[in-house]
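Two complexes follow with chain A in common, the first pairing it with chain B and the second with chain C.
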Partner chain A sequence: MANIAVARIKREFKEVVKSEEVAKCHIKVELVDDSFTSLRGEILGPPDTPYEGGTFILDIRIPETYPFNPPKVQFLTKIWHPNISSVTGAICLDILKDQWAAAMTLRTVLLSLQALLAAPEPDDPQDAVVARQYKETSDIFSQTARHWASNYASAPHREPVMDDKVAQLKNMGFDEHKARVALSTHNWDIEQAMENILS
Partner chain B sequence: MSATDSTAGASGSGGSTQGASGSSGDAPEQPDTSTYECNICLDTARDAVISHCGHLFCWPCLHQWLETRPNRQVCPVCKAGISKDKVIPLYGRGSTDQKDPRDKVPPRPQGLRTEPENNANFPGFGFGEGGFQFGIGAFPFGFFATTFNFNNGRPPPPGPGTQQHGEEQFLSKVFLWVAMMCVVWLLIS
Partner chain C sequence: MDNSDEDFVVNVKLSPDRSIELHVDPNWNVRQLKEAIHREKQINISSDEMSVLFQGHALVNTESLKNLDLGNFSFLHVVKSKKPRTGQANEVNIPDASLPIEAYQLSNYFVYCKTKCFRVCPAKLRVRCDACHQGTFVVEQGPNKWSDVLEKEQIGGECQTESCKGKYAEFYFKCTGHQTEEHEGTVPLPLIQRNTSRVECLGCGDVTKEVLVFPCEMGHCICLECFKEFGNVALSHRDFVNTPEYGFTIGCPNKCMNSFLDDAHYFRILGDASYERYQRLATELCILQSGGVLCPSPGCENAFIPDDDINDIRCDHCNNYFCRLCHMQPHQGECSSSATASASQQFTVDPMRSERARWDRAARQKILEISKPCPQCKSPTEKSDGCNHMTCIALDLRSGQKCGFQWCWVCVKEWTRVCQGTHWFPNS
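Now for the complex of A and B:
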């Protein structure tokens, strides 16, 4: 039995490859191996967001039942966003779950994720800590998200104050990523962050 | 319009999908072969069926989609309600369809054949979804229509002399009689 999933991915590949967004470098899909079941996606952080100019890499797994069931997608690039786990990169997005429809394609998925970066849904969070920060202190959220994007997704806009705080903890011998998570979680209060790491 | 383009931007839980529809006209080359592509496998539709919302699929593809989500049967493109009974098979010239499509697995739903005349004669007599409705006033007429419909419908009427023919004639006489009684009763009351 020829696998419909593979046949479809091959067709979609051509579609995405020749689409406008690719020409503008906004989205991209690549094969990981010859199986067409494991793919690598790439989206550009949308303008006027903390993710602007960052390159976010996605792990895409095509189930055997594709396109009747959605692809399994998660962020490989670390990101600070209410609907994406800052730990695992798992995504909370309706179309990747019960709102999936068989006519959707990798292209729609990548564009939807790009739209999600531009418009978070804090009321249906994946990462509760980030969601709370987004709702309660949106300034700190934006700066934190920008700080993560510049450090992990090569986004051009840096947050020097935050970079300094991470560097301080790093110089004290803490792991850089752990320090960043602790600081981000505790609204950049160094003492609270240290307590958190040591506890 | 590329047929492969899903604009099904489901709002609702889990994050916004607006903007996901993107620009749909971005495949300018190739004179529209994509118009006849199945919205699920993206290949030329085989055993094609079309939904009431106008979206084209291979019947096997759509069938599998409906089987995958028995509790949430929506059009894979626009998310309008959809079901096995609400798709129309397309018969192109030279399509394989001289064979009975039901021989295939899964069977493709049959085309809907309505009789053109009956529709006009009795306004207020709904053909649509299989539920007959008639108002009080039109009641007897509605009744007539259903009895006549027996003979006008799909299965060709059995030839005269057969037992079934006799039964049907008897039945329609009974109906006619009942209807008359109704009229009389209406007049008296």
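Now for the complex of A and C:
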């Protein structure tokens, strides 16, 4: 990797490790190997959101042209959010694309992602299904997002009714994740969800 | 050249079209030099009537050549003395330069050397007559700022060449990276500065010797290595834009307002291949502006002008097939460009990183405003303009005479030719 990118990442890495947010366990960065091209990020779901208390793991790839090009960031933890693909974890965020600027850092990226969890932008969706649910039935969206967070990100607040519905389908022999996706997509209507899985 | 006692050669210009090479002994003083010139060429001027001019100043007889910072093949100009004019601060009596010749390598001025080095080099600031282009010019006052040296007829004075009526100084820069004749092409790059404030590079975070300071309000700094990287990334992403004032250019990597580089020569720093690419892209932009299309495939720089009614385009170079509007794969129905969520404003730029990569103009301005004591009489002297050449106007109470000491605001020592060549006016 280009020297500039390595020098910069080493420096930033130290900064994040020492930062206040890390001290409060709000964000975290770890090296995956010692090449500084691949890192593992972690953000804590912000308070007063469906993601509260959850731990979300991110895959961070540093391009050779860093910091003049943004890092490639993706959620490894499954998440229900209008701007994050529930299938791939791909993120739709301007600063990770054309609004990237050289004074942005790993720290600001992680904080921006945390901010995105607190304030979704449904008009520029990455996941159209989630975005529609967010706009049309915001209660169901919040519960679904909380249900995903408790199941995939170890968030403390559970949604027992939804847990039950997933368990029902699972007991019928369906794959748990597929069942969850189908139920989430069909606003927790068990029959529609089953139809969807079987079709 | 080094500081040894070996003979060296100077070019002595006797008239615009007559010059001789003269071997000189560094232990001579200026009077001995004048006698040598007189012997060598039997010119019509006696050594008493003779003025030897170097970089806008008449040399004083008692000065030692060793201390003049002449350098091998420096140009000296010989003229018959005009009537002595009193009260001209810059004309005479600039004593020896006690700084080593290497000091020029630490110049505050940088150029792109187009002729020999093909890179950014520290430069010596030089002055000559704008009418006859001879170095026989005595300035009334030093330059205060970049526009004084870059624009015509900013600094007045008097040309010492007999028949010349030149009234304005012309400034130019000599590359310190190679041995050079006087009239060679270098391009001044005012945004490049010696990193005296030890600012961290916006890109890599290192504190490098030189930085390019963007004209944005924050004054973001980038090292030349990172500038190269940044410029090349911007070229491959087509981040260059066409501006009415500065042409095809880029701004601060932090996407600051009003931060465009105002001279295409900065892009020479990117290297020959990239500079060519820059020129090609600038041409392609013209194609775009006249309704043409560029292939969006990375690395492919093909440009074409398709018919107005065609939206699905196949690149005849890389075979990429794309929608003219969204640059994605051709699709059915109306085109809608893809959208992205916008990050909450408060976290976009890392304030620490941005802050540490700043050339703080305001703070430097403050430093410039304070007063300093005259190195000779210790009277506090305030700087009124940008020029670093100070003449003490304090009155010596015992003698009733003006101190008159000429000193350098930067070095706080006697004014020398090295001062004049490397920091006559502040580059910030």
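Observations on the model:
Please note the rule applied: the second predicted complex is superposed on the first by the 197 of 199 C-alpha atoms of A that agree within 3 Å, B and C clash if a C-alpha of one lies under 4 Å from a C-alpha of the other, contacts with A are read in each partner's own complex, and residues count from 1 in each chain.
Following the convention adopted for this analysis, a contact is a pair of C-beta atoms (placed from the backbone, for glycine too) under 8 Å apart; a residue touches a chain by one contact, two chains touch by 3 or more.
Small disclaimer: the values here were computed from a predicted structure and weren't measured.
Superposition of the two structures on chain A shows chain C clashing with chain B. In the superposition on chain A, A:S112 makes contact with both chain B and chain C.
Contacts of A:A103 after superposition: both chain B and chain C are touched. When both complexes are overlaid on chain A, the residue A:D139 reaches neither chain B nor chain C.
Of the two partner chains placed around the shared chain by superposition, chain B and chain C are both touched by A:D94. Once the two complexes are overlaid on the shared chain, A:D48 sits clear of chain B and of chain C alike. For chain C, the stretch among 78-86, 348-356 or 384-392 that collides with chain B in the superposed model is 348-356. Chain A uses residues 4, 7-8, 11-12, 15, 65, 67-69, 83, 92-95, 97-99, 101-105, 107-108, 111-112, 115-116, 118-121, 124 to touch chain B in one structure and chain C in the other. Touching chain C in their complex are the following residues of chain A: 2-4, 7-8, 11-12, 15, 65, 67-69, 83, 92-95, 97-99, 101-105, 107-108, 111-112, 115-116, 118-121, 123-124, 126. Listed in rising order, the residues of chain C touching chain A in the complex are 202-206, 220, 222, 225-226, 229-230, 233-234, 237, 253-255, 339-344, 346-350, 352-354, 357. Across the complex, chain B is touched by residues 4, 7-8, 11-12, 15, 18-21, 65, 67-69, 83, 92-99, 101-105, 107-108, 111-112, 114-116, 118-121, 124 of chain A.
The residues of chain B lying in touch with chain A in their complex are 4-6, 8-10, 12-23, 26-27, 39-43, 55, 61, 64-65, 68, 72, 74-77, 79.
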